[in-house]
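Consider the two complexes below, in which subunit A is the common component and subunit B and subunit C are the respective partners.
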Partner chain A sequence: MKKYWSFFKMRLMAGLQYRAAALAGMSTQFIWGTMEILLYRAFWLEHPERFPMGMESLSAYIWVQQAFLTLFALWNWDFEVLESVKTGSVSYELLRPTDIYSIWMARSIAGRLARGILRMVPVIVVAGLIPAPYGLRLRVSPAVFGLFVLSMALMVLVVCAYTLLVYALTFYLTDPNGLMVVSVAAADLLGGAVVPLPFLPEGLRRFAELTPFGSMQNVPLRIFSGDIPMTDIPGVMGLQVFWIAALVLAGYALTRNGLRRAVILGG
Partner chain B sequence: MKLYLEFFSIHFRSAMTYRASFFLSCLGHLLITTNVFLSVVFLLDRFDSVGGYTLPQLSMCYSVILAATSLAECFGRGFDAFSKLLSQAQFDRMMVRPRPLAFQVLCQDMKPTMLARLLQAVVMLVWSVNSGAVAWTPAKALVLAGMILCGAAVFFGMFLIGAAMCFFTLESLEIINIFTDGPREYGKYPFGVYGKPVLLVLTFLVPLALVQHWPLQYLFDRGPGWYGLLPVASLLFLIPCALLWRLGVRHYRSTGS
Partner chain C sequence: MIEMKGICKTYRVRRREAGLGNALKSLFSREYAEVPALQDMTFTVPDGQILGYIGPNGAGKSTTIKILSGILRPDGGVCTVDGLTPWEDRKRHVARLGVVFGQRSQLWWDVPVTESFGLLRDIYRVPEPVFRENLDRLTVLLDLGELLKTPARMLSLGQRMRCEIAAALLHGPKVLFLDEPTIGLDAVSKLKVREFILEQNRLCHTTVLLTTHDMQDIDALCSRVLLIGKGRLLLDGDTARIRTMAGENLSTEESVADLYRRFGI
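Right after this comes the complex of A and B.
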């Protein structure tokens, strides 16, 4: 366990170096969030009765989404891992007395946290100062907030397990680009990045909620905004756990098998 | 001009050499912008209209912005990716060649995969025309073409600013993305939908509303005829962009060997 922890720490420290990039990303996210809220506001002012959630809930959803963007974004691939599989330098990793899937997992989680930590606080603070109903407010009880934190942690695991599955498939595909672009697009649409899932047509929303993408940002964001009633929360979090188990098992098996059949050339 | 076409054909052929990867990145670009359009479709499915615009009208609005950005990104790529040029000191080589600098930067890099997005814009435009978004007159068709071309020019001007800033910072500033990638995403709605302050900024500071919101009012018969001439006014934006670029070039000191 200790060795995975140190991998985790190394990655975290490396990520925290890029402060200027974090600052730029932060202001981008702030403007993005503002535009998004202004847009939904236009719909809300015109047709408040057709709005599937309150404006306050939606504002909470959007600001938390912007603040934690780097945690959910599927497009934050770990290109070093992808390259190592493509070029074969992954063989060096095999010399280490550690399990490669676990190292990848530790790296991925740390990479996401490192990028996320610097950005989230300022966005949250500024968004909290914006007057209601457009600002960020805590609208749920402390107990539900606790569940939000938990589902956020589960979400990071779902996302990382998914990216690891893609890295594992790279052993078989050699060029994972197609899989990556399709995954990102599907995750954006079905995960609630393009539009929050409650705004989708009913049938598509139900389908999206069952996919692994629906267990990503959709769940914590909607718990935080109070859109998922308390009684339904155990069910959706259970689905998150299911997807973590399924994705980890598939990724682990594929990685092991991929490494066993891999023939690495070179001298 | 002949030299430019020659360069375009080189970039196109070099992109086509890796055919699979060319089509994959086309697909990637397309999926992103298709998602943007889908978000409009889903919201309009629920709300029917926003700010008095219908789905075909919004489709026309987005196709204008999409066509403009993809033209700018395809042909202005050299300025968009300028920081790379600087950090590899390729700019020094350009300075000793007997051709205008800006022309050389333009020829240095192009992004043919963006033509896939242009295709998407054309499809959306044809659909919106067929669904009767606009009561057509020859003047309106001309205005539409002007919106796309002048829009491409404004986006190009922003790449120019981004590149000029690289002279001072030596690396590309993500901040400029707010005005390049941002409008590509938020231009899916006429900027007036976002409220007055946004509209004012995009009219007088970065004149994107002049190629989108205002002339659209004319196309949809919601405003006077002279709104249709505003895209031409947006070209004034290129003057400060060009001046900034010149200032940058004058300021330039090589980054070394």
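Right after this comes the complex of A and C.
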């Protein structure tokens, strides 16, 4: 276990040194969040009674989404891993006495954290200063907040397990680009990245919530904004755990088999 | 001890003629050609030997190294390194193995070299005192000093290669594979690397398998040379024998070129 932890720390440190990227990302997220809030505000002022979420809830949703964007975003691929599978140089990883899937997992989680840590605090602080109902406020009890933190952790695992599944499938494809584009589009719509799921038609929302994408940012963001009642939270988080298990099992098996193929066919 | 017996490996390569018609055709039926990379490769390397492995491009050198490293599975034959079959007992095997590919880096690009070394220590589970001792020795022999604090991307090729070699030896492997370790190095760096390999072999009795196109590497380091071509072992002997097989007054370089011509490879 220690080696994967060291690997995690290493990736985290390596990722923490890109100051310019963090600065650029931070301002992008801040501007993007402001624009989204202005857009929804226009709709809200028109028909506040037809809004499926309160404006305060929605603001909380948007600001947390922007603050933790690099944790949520499926498009935050690890291109080094993808490239190594595509070119076959992944077989050189076999020179180390380690399990490749676990290494990928460690570096995926660390990579997301590293890109996020530097930019999340300023966004949260500034968004907290914006007056209600457009700013970021904690609207739930400490217990629910605890569940939010837990569901964030589960969400990171769902997202990473999904990206690892795509890396594993790359063993069997000439080029994974199509799969990546489709995945990102599906996650944007079904995961509540573009529009929070309560804004979707009832049937589509229900379907989206059952897909793996619905277990991504949708869950922690809606818990944080108080959109999911306390009694429903265990079920929703249970589904997250189910998707982690399913995606990890599939990804692990495909990686193993893919590596065996690479070892037989030659890098 | 490294033993290879009757190792064969054939690559399957997709082929088609140029043109749109053929591209469409290949959507439905694909043609494959079998390219033999190794045929009946058999040799034994005793512990503590420095073995040179030479042959023209495409002869099968890399394939052999990959099989011995456990990252490629042969189609047939038996191969053991210190009693383990590389591709069967991969994790145990690679824990006792050090590999340097001259054209690839195992260091983390953006962080100081010493961080990469720390990661390798944890990956190979090297106990701290052993790690310290190895690192101190390698630092002196390879003149690493300040290099350890520098990010790998800021090192010159010669400096980086010294760090790569150190990285491969931190866990004290019994066997070391060097795939073109002096490629692209200047004269001083080459000499330093060679000197170190000899020293390492003398002090730690490390078995070294070296592939190279640089015949001076062979002259300086190897007590024995294997010449392969088109996937077959053509010659097994010491450097002196290669020279006597060719003309008397030729350098090793010229003798080898002469042998390539003579074997038609």
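Just so we're on the same page, the second predicted complex is superposed on the first by the 262 of 267 C-alpha atoms of A that agree within 3 Å, B and C clash if a C-alpha of one lies under 4 Å from a C-alpha of the other, contacts with A are read in each partner's own complex, and residues count from 1 in each chain.
By definition in this document, contacts are C-beta pairs under 8 Å (C-beta built on N, C-alpha and C of every residue); 3 or more make two chains touch, one makes a residue touch a chain.
Because the structure is a prediction, the values reported are computed rather than measured.
Engineer: Of the two partner chains, subunit B (first) and subunit C (second), which one does A:Phe7 touch, if any: first, second, both, or neither?
Structural biologist: second
Engineer: According to the stated criteria, A:Arg256 is in contact with first (subunit B), second (subunit C), both, or neither; which is it?
Structural biologist: In the superposition, A:Arg256 contacts neither subunit B nor subunit C.
Engineer: With the two structures laid over each other on chain A, which partner does A:Leu95 touch: subunit B (first), subunit C (second), both, or neither?
Structural biologist: In the superposition, A:Leu95 touches subunit C alone.
Engineer: Once chain A of both complexes is superposed, is A:Arg139 in touch with subunit B (first), subunit C (second), both, or neither?
Structural biologist: Touch partners of A:Arg139: none, neither subunit B nor subunit C.
Engineer: Taking the superposition as given, does A:Lys86 touch the first partner, subunit B, the second, subunit C, both, or neither?
Structural biologist: A:Lys86 contacts neither subunit B nor subunit C.
Engineer: Name the chain, either subunit B or subunit C, that contacts more residues of subunit A.
Structural biologist: For subunit A, the partner with the higher number of touched residues is B.
Engineer: Which residues would you name on subunit A as touching subunit B in one complex and subunit C in the other?
Structural biologist: Correct list for subunit A: none, the interfaces share no residue.
Engineer: So in the complex, which bits of subunit A are touching subunit C?
Structural biologist: 2-3, 5-7, 10, 13-14, 17, 89, 91-92, 94-98, 263-267
Engineer: How about subunit B: which of its residues touch subunit A in the complex?
Structural biologist: Listed in rising order, the residues of subunit B that touch subunit A are 20-21, 24-25, 27-28, 31-32, 34-36, 38-39, 42-43, 45-51, 173-175, 177-178, 182, 186, 189, 193-195, 198.
Engineer: Tell me, which parts of subunit A touch subunit B in their complex?
Structural biologist: 21, 24-25, 27-28, 31-32, 35, 38-39, 41-43, 46-47, 50, 52, 175, 177-178, 181-182, 184-185, 188-189, 194-195, 199-201
Engineer: Could you list, by residue number, the parts of subunit C that touch subunit A in their complex?
Structural biologist: Where subunit C meets subunit A, its residues are 9, 11-12, 37, 63, 66, 69-73, 87, 90-92, 94-95, 97, 99, 101, 104, 106, 108, 110-111, 115-116, 118-119, 122-125.
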